[in-house]
Each structure stands twice: as C-alpha cells, then as structure tokens.
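Look at the two complexes coming up: chain A is in both, with chain B in one and chain C in the other.
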Partner chain A sequence: MDPVNVANLALAGVLTGLVYGLMALGLSVIFGVVRVVNFAHGEMMTIAMYAAVVLFTTLGLDPFLAILPVALAFFVLGYAMQAGLINPFITRPEHSQFMLLVAVAIIMVNALLVIFGPGARSVQLDYLLESIELGPLLLDRGKFYAALVACAASAALFAFFRYTPTGRAIRACADNWLGAKVVGLNVKHYYAFTFGLGSACVAIAGCMMVLLVDVTPPLGPYYTLLAFVIVIVGGLGSMAGALLGGVLIGVSEALAGLFITPSAKSMFSFGLLILVLLLRPQGLLGRRP
Partner chain B sequence: MLSIRDLDLYYGDAQALAQVSLEVPQGAIVAIIGANGAGKSSLIRTIAGIEKPRSGRISFKNLRIEGKESHQICNLGIGQVAEGRQVFPTLSVEENLEMGAMLPRARTGTKQKMQEVYAMFPILAERRAQAAGTLSGGEQQMLAIGRCLMGNPELIMFDEPSLGLAPLIVQEVLHTIRALNAKGLTVLLVEQNVAVSLKISNHAYVLENGSIVMSGSGKDLLHDDRVRQAYLGL
Partner chain C sequence: MDRRQFSKTLAAAGAASALSPFGILRAQSQRLKVGVILPRSGVQGFIGQSCQKGADLAPGVIREMLGVDIELMNADWESNVDTARTRAERLIQEGAHVLVGPFDSGAATAIAQVAEQRGVPFVINIAAAPPITEQGYKFVFRNFQTAGDIVRNGLALIGDLFRATNTVPRTAVFMHVNDTFGQAMARGIGAILPTQTQLPFKIVETISYDPAAKDLTVEIGKAKATNADFLLLVCRLNDAILLRREMVKQRWYPMGVISPGSPGMYEEQFFKALGKHSEHCISNVPWYNPNAELTKVVEKAFLKQNPKDKLVFHGLNAGFTFEAILIAADSYKRARSTEPKTLAEAIRQTNITSKMMLGGPIKFNAKGQVEGIGSACLQNLNLVPTVVLPQAAATAKPVFPMPRA
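Let's turn to the complex of A and B:
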C-alpha cells in the first residue's frame, strides 16, 4: 500500500473532518448552554446545503459567498426556533423536548422531499476539480478552502465567547442558570441567541459540505447521528472536543474506505464511539461530571 | 418602597407562601426570620420574579411587579445576593462583576463602579483574573455582593448571607450590609442567624410555614419571649 496514497486520504479526512467538526460545534454549543439536544441538527445542515445549491443554481452564487446570507438567515431562524418553540419546553421533562425536536426534524426532511424530490443535487464548479500540490501530497482545492472556512468560523466562535459581553453572558448562563437570573440576565434571550449561533455554525458547515458531497434529503438524519457521534467522542459541551471529534471521524471514515471498503466507513466511526464510551465515557476532551 | 399584599405561592399543590404581607420602607433594614423551610427564600425568589405567585400584589416604588420577568425586576433597581452566592464558577472575578452590570440601568459608568467594588473588597481586585469557582466561601460572598452592586440597585435582598461562613467573615458581611445601608441602600435581609439579623434591622417579620406570624421592631422581637424561645434557644 502506497504511503503517499494513505497520507493523501488521511489529509482529505482531516479536511472533511474539520467541516464535520464545525457542524458538531453547533450541536455542542447549543447543548452546553441551553441543555437541549438538537435532534434536528443534521436536518438543518441539509437545509443549509440545499440553500447553497439553490443560491448557486439560480443566482450563480459561489457557496463561499453564500455563507453570509445563509448563516444570517439561519441565525434568525435558530433564534426564532428557540424563542418561539423550544423555550416553553425548557422546564418540561427531557422526553417531551426530544419528541418536539424529532418532530421538527421529520417535518424538515419531509419538506425537503416535497420541494426537491429524492434525487441528488450538487454544485458544479471548475476549481473543485483542481488540486494543490504540497510536496508529494495532493490537496483537493475545494476541501482545503472548506476546511479553512471551518477553522475560521470555529475561531470566530471561540473569540466571540471570550471577548464580547454577549459571549460572556452566554457563558454565565451556561455556568449558573440561577445566578444568571439573580443578576438579571435575560436568560431566554441568551438561550435563543445561542441557538442562533449553533444554527449559524450548521449553516456555514452546510455551505461548505456541498463542495464535498451531493445532497439528498436522507442526509439529514445521517448528519444528526454523525454530529452526535462526534460530540460524544470529543466530549459533550466541549468546543475543542467537537473539532477534535470531527477530525477523528473524518480520518477514520477516509481510512476505513481505503483499508476495507467505502461502505465500512460508518462501522469505523461507530466502533470508535463504542471504544470512547467504554474507555472514556465523558469523551476525549470532556470534563468528568 | 417595597410593598407586598396577600401573596400566595404554590409549588404544584404545596403551598409555600400564604397571605404574606409586608412593607419595606425606603432606607430601612428589614429582616425576615424563620426556620429552615419556612418560606424565606421562596419569598425572595418571588419578589425577584424567579417564582411566579398564584395571587397577591407586589409593588416597588408604586409599580406593580408581580408577574414581571426577573431581568425586568432587576432593572427596576431590586438587586439580590442569593442563597449559596450563585457566582459563575468558570468566569473570572472581573467577568462576574461585569455580568452584574449587563442591565440597561447599569450600562454606564461600569469601570468606575468596578473600582468602587474593588476599593470595598480589595481581595477581589487581587483575584480579578482568577476563576470565581476557586475563591473561598467568604470571597465568593464578597463577589456576590460586589456583583449585585454593579447593577446599581436601590433595594438589595440578602438571602442567608452568613450561611456556611466563618464567624469572622460573618462579622465582615454584616458590617458591609450596615455600611451599604448607611449609604442609602434599602435592605431586605433573610437570615437564619436570628440574633444578628434582629440586632441590625429596623423592623422584622417572623415567617412560619409560609405565613407571617409576628412582626415588630428588631429590638422588640429580640426581647419577645416567644422569639427567644423558638429562635434563640433562650
């Protein structure tokens, strides 16, 4: 087996994994602050992918430029979803939150099927076929830029939580819900803001993902599951963990395809999940409860 | 300044407060004493808008506030130093103080207020970059008081400020409460340490099983036989 080939595939896995990581980061941030598990996460990712495809086919908008409008729209959508739909469920038992978000997820997939049908859609751009040479290694140009965007978006989110008053207030709400109420933080507003941020992460990841794969409605539930595997491997609620988990899953998928067969890629990621659950239940970078 | 009439609070079917009425005049220190589970914290949390009463009226500066959200009530000038201090453990001391000043009423002059808090509690200035969760209980209590002051309150509700603190620190906290009152802040104090709270208050209410059973000046209650027997063990 050619080591250069293995390295190329592993590198491609890292790049894809960073986009996965950004998607999972959204899930992790929402859970870490609002303590609600977004079971519609992958479905939202799929909607963002369709949005990027539609913007490309109708307006000729490059997915890199589609990031801004799609992320903005998703921030507003996420804010409204939390403020209008999920906030009333915050104090209800977890199974009713679960049912609510599963229902939202199914409606989303169904709507996509109705509007776009079951066929695959994609974005055709010439530069997606080009490669960047890095010594003996070959980098897929589209993947490389997509991974750069994912890194930039994650860094921006880290900076937001660290350096802005709103970011710090969101961390305060996550830290101590009662304390936040006591000092007069509008907790519901910050919860909605957080859901908006998580949705914007998914939107950016979705715009990037159309550069890597064709989109079909059933990708939604698949990505939801994938996002779960990633945050559990990385550590639920840990932002760095989501990125690390994304990269690990990306690499394991790529190498499984090489060493066994492409259809074994899920087997590998879920095997990794079981290993982590057995040996380090809080996830690789998660804090012990 | 704060006036409560016939307040009823339920947790499910269990009644936590029954027909509670009380007055907190401007500039006063009013104490609420009572055993564990008498409803003292429930009362504070209801005034703060964290619990919603079933019936009754709460008015602050002649404005009805029952049913308002907690952040709206804080923004009217009712601050709270909560039971268990409720600091943000992973945020730094300075970030904790900043969170107290997120209210619209407190957005201006944040830097200056922070300097005042640091002058009042120099230990907080020393530890400004440290995570609040690593502070001692007494330091966290000072942080909780400082954070509350950042919101520029007119009335401060203290919920068990001496709980779990060493006697020397308790003295310091009580001294702080008196000093804040002397500066013009109105104080509503809930304490299990009955002797101390009666000594520093102008007026006190005794809460039993969710109802006010007695009230009077701090001095009168301190010499009342029933209070001495039930709460002071004399």
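Let's turn to the complex of A and C:
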C-alpha cells in the first residue's frame, strides 16, 4: 500500500472527523449542562444544511458566509426550544424527555419532506472540486476549510466557557444546579442559553457539512446516530472528547475502508463504539459518574 | 316480467353483447388503466422523473398510433423497495389493469411477486437482474436487457472502442454499486469477461460501495492506488456524480471512465452537477435508434411536453418506459379486454416491429423476456451524450484516452 495514499486518506478522515466533532460538540455541551440528550440533534443539523442551501440558491451566499445568520437563527431557535418546550421536562423521567425529542425529530424530518421534497440538494461551488497540494499530499479544499471552521468554532466555545462570566456561570449550573440557584443564578436562562449555544454549534456544523455531502431530509436520523457514537466514544459531556471522538471515527472509517473494504466503514465505527463501551464506559475523555 | 322471463332476457342480452361488434366497441372504448410505478424521489429520484417523461407522453402518442385510450395511474416508490411493494398493491386495489416500471431490479423483484400473486400483468421498463424472468412467472414481462446481455454487449463495445481508437489498456479497476443491479452486473462481468479473450485488459481490483454513500473519498483513493489504466464502472446517478467529483479532487486521471452498461453518466443531472467534468465519460447502454420513425414521433411529443428539455438526456429512461406502455396498449388492442389473463396472454404474443429502441422486434420468449435488444457506446461530448459506436449509428468519433479537463 502506497504510504502517500494512506496519509492522504487518513488526512481526509481527520478533516471530516473535525466537522463530525463540531456537530457532536453541540450534543455534548447540551448534555453536559442541561442533562438532556437531544435526540433531534441530527435533524437540527439537516435543517441548518437546508438553510445554507437556500441562502446559497436564493442570495448566492457562500456557506462560509451563511454561518453567521444561520448560527444566530439557531441560537434563538435553541433558546426558545429549551425555554418553551424542553424546560418543563427536565425534572421528568428520562423516557419522557426521550419521547419528546424523538417526536420533535420526526416532525422536523417530515416538515423538511413537505417543504423541500425528498430529492438531494447541494451547493455547487468551483472550489469544492479543488485540492491543495502539500508536498506529496492532497488536501480537499472544501474539507480543509470546513475543518478550519470547526477548529475555530470549537476553540471559541472552549474560550467562552473558560474565560467569560456567562460561561463560568453555565459551568456552575452544570456542576451544582442547587448551589447555582442558591447564589442567585438564573438557572433556567442559562440552560436555555446553553441549548442555544449547542444549536448554534450544530448550525455551523450544518453549514460546513453541506460542503461535503448533498442534503436530503432522511439524513437527520443518520447524523443523530453518528453524533451519539462520537460522544459516547469521546465521553458524553466532554467537549474535548467530542472532538477526539469525531476525529477517531473519521480516521477509523477512512482506514477501515482502505485496508478492509469500503463497505466495512460503518461496521468499524460501531465496532469501536462497542469496544469503548466494554473497556471504558464513560468514554475516552469522560468522567466516571 | 317473472323470474323465468327475466333470466331468458338476461341470457339473451349477454349473448348479444358477447357476439355483437358493439360489444367489441364497448371494450375498446374502455380506458386501459396503466399503473406506472417509478422512483420519482429518493436516491434514484432524478432517474425516476426522467422515466416519468416517457410515461407522460405515451397516452397522446399511443392514442394517435393505436386509437387506444390510456389512463396513467402514477405512483412513486421513493427509491425504497418496501414502498415499491405497497405502491404496487395499492395500484392494483385502485383498479390498474397493468403495471409498468420500476427502473430498479430490487423493486422489480418485489413488484413481480405482487403482480404474480394478484394475477395482474407487469411490464418491466428497466431492470436487469436475470432472476426476475427466471422464476416461471406468468404475469411478468421485461422489455430490457438482462445483466448478462448488458455486460456482453457492453464489453463487446469496449473492444470496439479500443480498436476504433487504436488503444490497448492493460488494466482496469472495477467499481460497482452494491445493490441488486450492481451485484448482478458484477456477477455478469465475472462470468463473461474471462471468455472475452479479444479484450486486452484484466481487472486488478474490484471495489463495491454503498448506493446511498455520502462520501466516496476512500473508494476513489483505493481505486487510484491501483494505478489501473481505466475505471470500469457500474453506477447509479448520485454515486456517479460523487465518484467523478472525488476523482477530480484526488487528481486521478485514468485513460477513461467506462460503464459496461449502467445508468448515471448520460443523465441530465450528471451534466448539470459536473459541467466540464462530465466530459468524455463513456456508457455502453441500450439506447434509442435516432433514425427510427417512432423515435421522431416520440421526440416531437417530448419537445411539446418539455420545451426546455431534450430527449437525448432521457433516451434510455423515457424510451423504455414509453415502449413498456406501448406493449401494454398494443396487447390491450389485440386482446380487446382488460381481463388480466387475456391481457397477459396478448402481451406474450406481442410482435412490435415499428419500435424506438435499438435491436430487433419486441417479442417475448417463453420466460417473458425480450431478446435481441441492442446497445450503443455513448460518450459525453460537448455536454451531450453522443453515440460514437457502433459506426452505423454514430454521430461522432470516440475520444479515448480522455483528455485532462
């Protein structure tokens, strides 16, 4: 096997994995703070992908420029969804939360089907067919830019939680919900704010993902499942774990396809999931409960 | 009127209607309800819509040709085999006299089972898996090449292409979509290629991939690593676009991309999505005869219904779908009945010589299969699928190896 080819495919796996990681980051952030598992996560990303396609086809807006309006809209949507719909379910049993979000996911998929139909949609940009030469390596230009955005968005999120008063307040709510209430923090607001942030993350991931794949309504459940695999491998609630999980899944799928058979790609990522569940149930960077 | 008189009158009326020419006229004035079942959405949506264009123009053309009234009952199987089965059931419940479709071997297999169980004739427009007409079905008919025929004709045309361009590629990497059609084609190639000793190349690697794949980076990376002279490809439409995009991104420039007989690379959407990168790809497929009288009639009707479109982008899909409906209408005209067994028997006796697609007359063998359907070598030239072989039907010369875009 040509080592350059292996390196090329591994690199492609890393780049795709970083976008996967950003998508899963949103799920991890929401669970880490609000303790609600968003079963409509992939569907939300699919909506973001459609938003990027619509902005491209109607206004000619490049998906990189569409990030700002789409992320902003998703922040508002996420905030409203948490404050108006999910918040009453936070203290209810987990199966109630599960049913609520699965119902939301189904409504989203069907709404997309009604509005856009089941056909695939994409953005056609010349640079998406170009590659960047890096010595003997070839970097897919679209994937490279998307991965850069994923890294920048993740870094911004890390910085927000570490260095801003709002970020610290959210972490306080996550660490000790009762204590946060006692010191006068508006926990409901911070929960909704976090859900908004997670939604904005998924919106950015959607704008980037549309550069890599054509979008159809049934993509939602696939990406929800993928996000779960990533956060479970990386550690549910761990932001760094989500990125690591994304990269691991991206690279392992690429190499499994190369060394075994392309049909084994998904099989390999689920194999990795089972391995992690058996050997380190809290995930690679997750904390023991 | 007492009971005995009533029975006599009824019997007399029945006999009169059965024997009189007016009875025949009444049967003829009845509409033939054709259940057209196609994948108008989902991964095969574009091809299904392309086939639908052939169905939509059929009633008008056939009314002019045969004087038969057709009512189309359109159903979308959404590129999902389970949906195909339920749509076929529903069409039959709603009164379809004959089913036509479905552009897919997996769906055709499912619909064939329904048609056979319910005893309703099913004329397959496009589906190549050989087992469909090997089951001893009485109501299933196919006016399309089997995978074996497609491969045999496709490989023969590859040999002709190499001879016409004085090229001798030694190696090929074979990539195929991993569905019923792709597997049937792969089996066909595995069985037939070793017997084609005149072909100069051997397959160095076979790579199968998911028909609903969203990313084919690894597959193309693997194919590129073989350094094969050309890519032998059995694809669908969406994956063909993904593959070609990925070849451009990975800067893989083999001598050519040749399909021995699959959809994808001659479809309008392929040109729209890829522009100049669609150029010079080759598909050896069953195609229409541009010089046939019926083709001209169909082309006129096509342009009337689709003023901004061209038949050449829908040649195979629209052509075979039209011919499937033509077979049903022609049989109905001869059978003078929509009774399923009579209609099926009439379909079995079909002998249509004035046809649109290349090859001999439409005649079904004992298995319900039309034999002798021809293929053409189509190359994408100036963003149009162009017949380059056989020379008798060619409108341009083949370009091989393909120049770098």
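Everything below uses one rule, namely that the second predicted complex is superposed on the first by the 287 of 289 C-alpha atoms of A that agree within 3 Å, B and C clash if a C-alpha of one lies under 4 Å from a C-alpha of the other, contacts with A are read in each partner's own complex, and residues count from 1 in each chain.
Going forward, contacts are C-beta pairs under 8 Å (C-beta built on N, C-alpha and C of every residue); 3 or more make two chains touch, one makes a residue touch a chain.
What you see is a predicted model, and the numbers here were worked out from it, not measured in a lab.
On the shared subunit chain A, the superposed partners chain B and chain C are arranged side by side without overlap.
Once chain A of one complex is fitted onto chain A of the other, the partner contacts of A:114 are absent, as it touches neither chain B nor chain C.
In the overlay built on the shared chain, the residue A:131 is in contact with chain C alone; chain B does not reach it. Legend: residue contacts after superposition of the two complexes on their common chain; A:165 is shown touching chain B, with no touch to chain C. Set against each other, chain B and chain C differ in how many residues of chain A they touch, and the higher count belongs to C. After overlaying the two complexes on the shared chain, residue contacts for A:175 are found with chain B alone; chain C is out of touch. Using the contact criterion defined above for the overlaid structures, shared-chain residue A:212 touches chain C, although it does not reach chain B.
Vertex at chain A: the C-alpha centres of chain B and chain C lie 150° apart in angle, rounded to steps of 10.
By the touch criterion defined above, A:274 lies against neither chain B nor chain C after alignment on the C-alpha atoms of chain A. With both structures placed on the common chain, the touch criterion links A:185 to chain B but leaves chain C unconnected. Per the superposed model, the minimal spacing between any CA atom of chain B and any CA atom of chain C is 41 Å. Considering their complex, residues 48, 50, 69-71, 73-75, 80, 82, 86-91, 95-96, 98-100, 102-103, 147-148, 151 of chain B touch chain A.
Those residues of chain A that touch chain C in the complex are listed here as 1-2, 5, 8-9, 12, 16, 117-120, 122, 124, 128-131, 138, 140-141, 212-214, 216, 219, 253-254, 257-258, 261-263, 265. On the side of chain C, the complex with chain A involves touching residues 41-43, 45-46, 78, 178, 207-210, 214-219, 221-222, 224-225, 238, 245, 248-251, 273, 277. Contact residues of chain A toward chain B in the complex are 165, 168-169, 171-172, 175-176, 178-187.
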